[in-house]
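Below you'll find a set of structures to go through.
Shared between the two complexes below is subunit A, which pairs with subunit B and subunit C, respectively.
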Partner chain A sequence: MIAIEHLSKRFKTAAGKDHLALSDINLELQSGEFVSIIGPSGCGKSTLLYMIGGFVPASDGKILIDGRPVTGPGPDRGPVFQEFALFAWKTVLQNIAYGLRLQGKSKPEAEERARVLLRMVGLERFANFYPKELSGGMKQRVAIARTLAYNPEILLMDEPFGALDAHTRTHLQRDLLRIWEEHRKTVLFVTHSVEEAVYLSDRVIVMAAGPGRIARIIPIELERPRQRSELMFDRRYQEYITEIEGMIDAFEAAAA
Partner chain B sequence: MSRDSKLLGLLPIAGLILLWGWLAASGMAPKALLPSPVAVAQRLVELLGQGDFWAHIATTLFRLVTGFLIALVAGTALAILSASSEVTQTAVNAFVRILAPLPKIALYPAMILILGFGHSSKIALVAIEAAFPIYLATYQGMRNVDQKLIWAARSAGASRLHCLLFVMLPAAAPSILTGARVALVISCIVVFLSEMMSSTEGLGYVLIDAARNFRTIDMFVPIILISALGLGLGAGLSALRKRLLTGYPQA
Partner chain C sequence: MSRHLPSICAGLVLLLMWQLAHLSFGLSGLPGPMAAFAALPELISDADALYDIGQSLQRMAAGYLLAAAFGISFGLLMGTSPLAERLLNPLIMMIYPIPKAALMPILMIWLGIGDMSKILVIFLGSSLPIIYHSWQGGRSVSQIVVWSAAAMGMNRAQRLFRIVLPAALPEIFIGLRTGLILALITMVVSEIVARSNGIGNLLFNSMDMALYDRMFAAIIIIAAMGYALDLIFEAIRRRFLRWSDQQDQIQVAVG
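Up next is the complex of A and B:
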């Protein structure tokens, strides 16, 4: 479980002024929950994710994971970035085995588990390829497998499908849901796409900018497992999307 | 590189030799001062038949390569130290800012006094000159490593030290090798200079000895050889770069 209490983040701007990026964030995430964060650019949604990851320190307040405060990065929280952030000098298999090797597993043991994960993301034929030889969608599959390999309880996904074309994106969303149904990790998913957020999540957090804050939390009460093709004809799905899009527009108009 | 572009690369060299041949033949400079490329080539073949000439080449090559390798290790180590914390970064950068603009050749007399006229003073001069471009390139490369690559590694359980050595350093490999390329050229220049200033062996000595005795043809032979040496070592480094950077996007 993740508990965030009175969290805020201040930056010094280049001009030396204080900038409040996040103000008084309070949030609780249950284990196994899939939660998306959406909001206009500059609302601090990625910063919030990085703070939970322990990459960026908080200015005020605290983040508790199962009651323990976050003091830095750790294998209980696995990040997946829009930019993939794969190790260029390692093959696909070595990338996935990386965290396992750090945990002290022997090379054959780590590679065996890496192969299982490679199969899970559908890339078993590409074990000995280098990341640069893969398409964007394949790279992101490798990055997801690399993070799943060390078995974090929480996945922190920062616009993971933002750089992919619409077709690839749909495939990865479907596969992510399939993997999530199977392993039920807690997922915090930052996105720009309202449709994506509604399709994937149990709850959608809508943030507003200036200063970054949580504006609304919307539970998505659509049955699981979800099929995108069926949801397209589901009135409630359409209403969620319209409602959230309207909200974001209103916040942007108010900020401007 | 295709075969065609390799052949294309030979064209400027051929052009240079042609220009030289034309200058020598035109009589603008007396023959005694500017020998023709053919005469120099003949003399080169003749000298390559002599064992003690090979000893000069070996001496220069040894000083050059040893100095360069010391620079590679020292420059990289210094960059790792610098990238490891704010305190070491400030300290190392202050040190570099003072020493980098200093003409290291000015330290050469002191090195000769301390290390003697033999190999060590030349190797030390090459190493200290070549270490700076390697340091600067490695340091920049490590600073520019994508923050998210480091975060991904730290989340997977990598310690700061592990991250420094096994994530940031390999991520900076393209920069390091670019720095090494520059350092190699500098090494060629410096080893030759050091041998010209004070030595009893090596290609630089061969040149200065020929100049003192007014043997102009013999002056040109070591010049050809040092550039051939640089060309050969550069090609070796390029091949190594290709091997090491297999997975990298820019390679």
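Up next is the complex of A and C:
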């Protein structure tokens, strides 16, 4: 379980002024929950994710994971970034096996598990390719497999499909849901797409900017497993999307 | 074959211009290419000359390898620590424009005209581009790649050697290649200034004795050394950077 209490983040701007990026964030995430964060740019949604990851320190407040405060990055929280962040000098298989090697697994053992994950993301034929030889969608599949390999309890996904074309994005969303149904990890998913957030999540957190804060939390009560093609004709799905888009427009208009 | 054609043409044009200059000026100090190449076999089979070349290569290797080890560590330190960057950047910028061979007289006073002063000046001459490119390489390593490694459980030292170093390698190799050519140049200059042995010394001895064929043959040897070292370097670089997008494009700036 993730518990966030009175969390805030201040930056010094280039001009030397204090900028309040996040103000008094309070949030609880249950284990195995899929939660999306959505909001206008500048609302601090990625910063929030980086702070949970332990990559960026908090200015005030605290983040507790199963009761223990976050003090830095750790293998219990696996990040997936929009720009993939693969190790370009390692092959696909080595990328996925890297985390396991660090946990002290032998090379054959790590590679065997890496192959299982590679099959799960449908790239077993590309084990010995370098990242530069892959398309964007394939790179992101490798990045997801690399993170799943060291078995984090929490996935922190920062607009993971934002750089992909619409077709590839649809495929990866479906695959992510399939993998999540199977392993039920806690997922925190930052996105710009309302449709994506509603399709994937148990709850959608809508943030507002200036200062960054949680504006609304909307439970998505659609049955699982979800089929995108069926949802398209589901009135509730449409209503969620319309409602959240209206909210974001309103916050943006208020901020402008 | 067609890949080498431009190089072969360039070489032929150079030889032709040389021959024309030789014919039109008629200077004893400018023998033709035929005479220079004819002097080559004798020079290469001369034990003293081979000793000179060996001495040069040894000092160059010592100075260059020291510069590589020091330059990469120093540059990556600057590239990953904002504090080190702020402290060292002004120092680098001040030292950068000084022609390192100009320090040779000072080094000779301190260390004599033996190997030490020459190795040190080669080290100084080749380390700055290596520092500079390692620094730029280190600071351009993507933050999220380093974070990805941190999340796997890598500590700071592991991240430096296993993430930052390989990620910066394409840029580091650009510095290493510029440094290699500068090491060759400084090596020859150091031997001309402090003459004890070496290919630079051989070159100037030939001039003193008015053996101009031999002098030009020595220049051909220096040029061939530079070319061969660069070829070897490129082969090594390509092997190390198979994974990189930049492996086929490299620009050298010799300052």
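We adopt the following convention: the second predicted complex is superposed on the first by the 256 of 256 C-alpha atoms of A that agree within 3 Å, B and C clash if a C-alpha of one lies under 4 Å from a C-alpha of the other, contacts with A are read in each partner's own complex, and residues count from 1 in each chain.
The criterion applied here is as follows: contacts are C-beta pairs under 8 Å (C-beta built on N, C-alpha and C of every residue); 3 or more make two chains touch, one makes a residue touch a chain.
As the structure is a prediction and not an experimental result, all values here were calculated from the model.
J.: With subunit A superposed, do subunit B and subunit C clash or fit?
T.: clash
J.: Regarding the shared-chain residue A:P57, is it in contact with subunit B (first), subunit C (second), both, or neither?
T.: Touch partners of A:P57: none, neither subunit B nor subunit C.
J.: Who does A:P219 touch here: subunit B (first), subunit C (second), both, or neither?
T.: A:P219: touches no partner chain.
J.: Pick one for A:Q103: touches subunit B only (first), subunit C only (second), both, or neither.
T.: It touches subunit B and subunit C both.
J.: Enumerate the residues of subunit A that count as touching subunit B in its complex and touching subunit C in the other.
T.: 50, 53, 55, 72-75, 77-79, 81, 83, 85, 87-90, 98-99, 102-103, 130-132, 146-147, 150, 152
J.: Spell out the residues on subunit A that touch subunit B in their complex, using ranges where they run on.
T.: By the definition above, subunit A touches subunit B via 50, 53, 55, 72-75, 77-79, 81, 83, 85, 87-91, 98-99, 102-103, 130-132, 143, 146-147, 150, 152.
J.: Show which residues of subunit C lie in contact with subunit A when the two form their complex.
T.: Result: residues 142, 144-145, 147-154, 163, 166-167, 169, 242-245 of subunit C touch subunit A.
J.: Sort out for me which residues of subunit A touch subunit C in the complex.
T.: Listed in rising order, the residues are 50, 53-55, 72-75, 77-79, 81, 83, 85-90, 98-99, 102-103, 130-132, 146-147, 150, 152.
J.: Mind listing the subunit B positions that touch subunit A in their complex?
T.: 146-149, 151-158, 162, 167, 170-171, 173, 245-249
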